[in-house]
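Remarks on the structure that follows.
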Amino acid sequence: MTAPKFAGIIPPLCTPFHDDFTVDTASLRRHIEFQLDAGVHGIFVLGSSSEVAFLPDDQRRITVETAVDQVAGRVPVLAGCIDMTTLRVAEHVKTAEAAGADAIVVTAPYYTRTHVAEIDRHFRLLYERTSLPIFAYDIPMAVHTKLDRDLVLNLAADGVLAGLKDSSGDEAGFRMVLQQRRERGLEHFAVFTGSELLVDAALAQGADGAVPGLGNVDPVGYVLIYDHFRGGNPQAARREQERLLTLFSITDVAPPNRMGRGSAALGAFKASMKMRGFIDNAVMAPPQLPLNDDELLQIKGKLAEAGLL
Amino acid sequence: MTAPKFAGIIPPLCTPFHDDFTVDTASLRRHIEFQLDAGVHGIFVLGSSSEVAFLPDDQRRITVETAVDQVAGRVPVLAGCIDMTTLRVAEHVKTAEAAGADAIVVTAPYYTRTHVAEIDRHFRLLYERTSLPIFAYDIPMAVHTKLDRDLVLNLAADGVLAGLKDSSGDEAGFRMVLQQRRERGLEHFAVFTGSELLVDAALAQGADGAVPGLGNVDPVGYVLIYDHFRGGNPQAARREQERLLTLFSITDVAPPNRMGRGSAALGAFKASMKMRGFIDNAVMAPPQLPLNDDELLQIKGKLAEAGLL
Amino acid sequence: MTAPKFAGIIPPLCTPFHDDFTVDTASLRRHIEFQLDAGVHGIFVLGSSSEVAFLPDDQRRITVETAVDQVAGRVPVLAGCIDMTTLRVAEHVKTAEAAGADAIVVTAPYYTRTHVAEIDRHFRLLYERTSLPIFAYDIPMAVHTKLDRDLVLNLAADGVLAGLKDSSGDEAGFRMVLQQRRERGLEHFAVFTGSELLVDAALAQGADGAVPGLGNVDPVGYVLIYDHFRGGNPQAARREQERLLTLFSITDVAPPNRMGRGSAALGAFKASMKMRGFIDNAVMAPPQLPLNDDELLQIKGKLAEAGLL
Amino acid sequence: MTAPKFAGIIPPLCTPFHDDFTVDTASLRRHIEFQLDAGVHGIFVLGSSSEVAFLPDDQRRITVETAVDQVAGRVPVLAGCIDMTTLRVAEHVKTAEAAGADAIVVTAPYYTRTHVAEIDRHFRLLYERTSLPIFAYDIPMAVHTKLDRDLVLNLAADGVLAGLKDSSGDEAGFRMVLQQRRERGLEHFAVFTGSELLVDAALAQGADGAVPGLGNVDPVGYVLIYDHFRGGNPQAARREQERLLTLFSITDVAPPNRMGRGSAALGAFKASMKMRGFIDNAVMAPPQLPLNDDELLQIKGKLAEAGLL
């Protein structure tokens, strides 16, 4: 039983674009440096926050290649391989391998009506095809299937899965995974919360780390939560988390009757990243809608209140 | 006001594979000939029944190229351009154009949390990029968004959409589309049901045609429904539809506790196509699970009962 | 094998209230007379359109007693016994029996997380307790469980269920019920659609009748559909149904951002009933919200267009 | 700003039955004494764990009367007033008032398709009718509506709601309620988690207490969590919670293909309560299915492992 290879704060990076929606690699590199300066313990490219669902394959490739090159081994780089089924995911895995990623992140099949036995087969077939560690990405909001707890733990026990990124919103189920990980002696299996709002709680319950989208805006805050927790100061971790709870309200500035919740949240992240000087351009890929001037002003106010401007 | 360009029975073709999951183009060509011999009025490749969600891009390309080449203009070829968001769909549109498809079929965005204003933008941006007619593909079972009725009709009125393939299962909503198409004078907008079980009813309500997955197995039956209806014999159309209702039970032979409903249905279609000599190999792409011998025997019995063996 | 006891148009009556939300029995009696004058073949009280979910038990009792008394045996009276689980439903069954109802209508359990084996037990236990014919009421929009097709047909075969009112919106599944009813020789089992928009189609597919909420507003229209169909004139039935499709837009006059779809539809029905002189007061039970003057004016216009004012 | 009136561990009591499903008041009284001996800070009768959805009104009345009489003022008694809409809930409120309950607990409307403005009206109308403190019960699993955060906090600010029992499973949303309660100065508004598995986390985040169903089986454990937390020993609270996480697996002993998750959980609670001598009879109300001998044996083993037998 060895310690997990992956731990700490691993933000799911937003992908900065030029106006033509090609990747702005200079901004991406600068954003990565801001993250590393903040002390993050890894980065996750091509996750949901990256607009991976909006990126053509060549732009995905450029993203992971740029990230691996810029990070240059200082921290691990996880690469999302997000597609509908096994053979399509396998092509993204090849790209991630060629680019030099340290691990891949894979969801349940989607678009198709799937079954737990098919999800099991999905991960096992991918495991046969790569030597990279595989993280299961539990994100029913996107793929409309919740990963079964026994499935995940059995795949971990068989060595198929190296880790889990849980963005399911099912915190009771998440805790049961952590509990059964202990009971089954699977401590090598790395378990991360995808929540931005419950990082201190997840760490207290035994999680190895967090993959918080809001970390694009305030990576220092999340690193502080982790450091306070590791330093035996859960109260300070909680206070830091509560500060970030307030900041998270930037994702609700654009109202639900005007745009999707994806656009509202990613638009707020990218606008904040631009205001903070991390990236040059906050444009989002189509068909997402842009925030308006009033909404941007509100976000600016919230960043100022949080001491980030 | 001109008659719709597209009408009649347009089966969504299954894609035959070799054992390595590359497209078996010889079988695909043979299958297309069986369909054309049966009198179908068009074919739809790279729809959900094609395992489009399982096909890598190069296999998608081979599929549409082979179909266009084999059909050689005898009937229109519709090509699914199924992906998560605008820029990714746009790449499939280019492939369909290059292959010579007659129309493209596009769903709402998925994986992302979308909004009606974003779906509107999605279709409009694609319309700007192609001169091919665009069919909206309403399939909430796959993309988890139901297309809004006013959205669809407004896009039709603006000439953005040439047609609708409705696989939503919302038959009352489908009829409202047909009714409002009449009331708004949008008869050039082609409306197809994606149901296998309600083709006679859809035609009676004013639909232009059907895109029935079960047509892979019994295209003659669906052409008969259409011909009976056009010939003023709705009772005969109903009797034919009822025969096909019974045949449709092949899709439920594999039980829900063993595999997904996708695998069960597509597995039954492909097994039947092989038994009938349309294709050589009934293998399905991973991670779908295969039917077992007992299930295949039951399907054989049902085909025999239906007079198809 | 005998013919079904129940057939034809059986509107689910709205319940008129005084301002204090007690049943306005005089209006209810008048409304019933309008329905009987129109030629309906039965009435259904205490269904979803009756605001049964809003009625205290004593008001439910008054409703069914008044209806049975007013109808006086001219047509059958079906009574909804709508509650969460077996013992609570059983109390409503007693009330319906005492009032002299001709049949009862029962949903799957709700509020609780149920299972098909428990739904089976639910109907069988109620069957043991009453000699009244039992209709299963398939309304997942309200109870969040879809009745399983095999369950329904097996209960029919065992004599537990006398009929089905299908408001599930799953028209393909509904047709499978009709098909398997024929195949299993269960013609004594009465099958009704709860749709307002597909009555002609349901009859063509073999349904025994319809339970249309819009029948509160225009019972003559629905009786005409039935008569045209029985008289061998499906085209006339279709034209009548299409007229009612247009009328149905009264239920969408109040926008979704202002009130629930229940309030919007029931409010439109009751307002129309008042405008047509069937009832005195269009008030709805709390916490439903009232239509505003502009919305009422729009409804008035639509009734006038339909020739109902 | 005063301290909340309600705080601590308030178990939602199961209701013991005789074989005829009438309330076994002697067992109920004995069970309450076991709870009070364990040090609980209140009891909640007629919540979901009480089988409230299965209890006829007279049995509900007996339950709350018995509980108030037995508790005799030693701790507060909360009474669920669980029904579909305002007027029906209002009748249960009258019963709770007459019985002497200290607070009532009310869900969003269900069965009907509701709207946030109607839910707002629902709570405000009930507030006008009673002087008892009202707890909102957020339980989308049962009522299929999630209470809106702003709605809840605005009702709290207006004094309509005295508290919240959050069984929504949305822990991030729960934390936002706690955060905004602080930011808006609404500390008099009592906030409880309904989770059995995250009590230590909820307390750390500022919740006033918990309403854990598993407290029926092991009230001492939950009181220990609360005491450890209040005593400044979060590690001990966590260890106790983790012990209860393991015990909670009793609710999964009966498999999902045999019965509903409600029956499986409540059956396990009642069987455990009987094994521990709290009640005489573990029978559940119809149509729930009973646990079998093998399942009971497994539960016994788990209780023994937990040191509860």
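Which chain is which? They are A, B, C and D, in the order written, and residues in each are numbered from 1.
By definition in this document, a residue touches a chain if its C-beta (ideal position, glycine included) is under 8 Å from a C-beta of that chain, and two chains touch if they have at least 3 such contacts.
Note that this is a predicted model, so its numbers are computed, not measured.
K.L.:
Common contacts of chain A and chain D?
P.N.:
Common neighbours, chain A/chain D: none found.
K.L.:
Check the residue numbers that chain B and chain C use where they touch, and answer same if over half are used by both copies, otherwise different.
P.N.:
Same-residue interface.
K.L.:
Report the inter-chain centroid distance for chain C and chain D in whole angstrom, where each centroid is the mean of the CA atoms.
P.N.:
35
K.L.:
Counting in whole Å, what is the centre-to-centre distance of chain A and chain C, each centre being its mean C-alpha position?
P.N.:
Roughly 49 Å separates the two chain centres.
K.L.:
For chain D, which residues are shared contacts with two or more other chains?
P.N.:
None at all.
K.L.:
Which residues, counting only chain C, touch chain D once they are in their complex?
P.N.:
Spelled out, the residues of chain C in touch with chain D are 21, 48, 53-57, 82, 84-88, 91, 109-115, 117-119, 121-122, 125, 141-144, 258-263, 285-289.
K.L.:
Applying the document's contact rule, which stretches of chain C touch chain B when the two form their complex?
P.N.:
169-172, 175-176, 179, 183, 195-198, 200-201, 204-205, 234, 238, 242, 245-246
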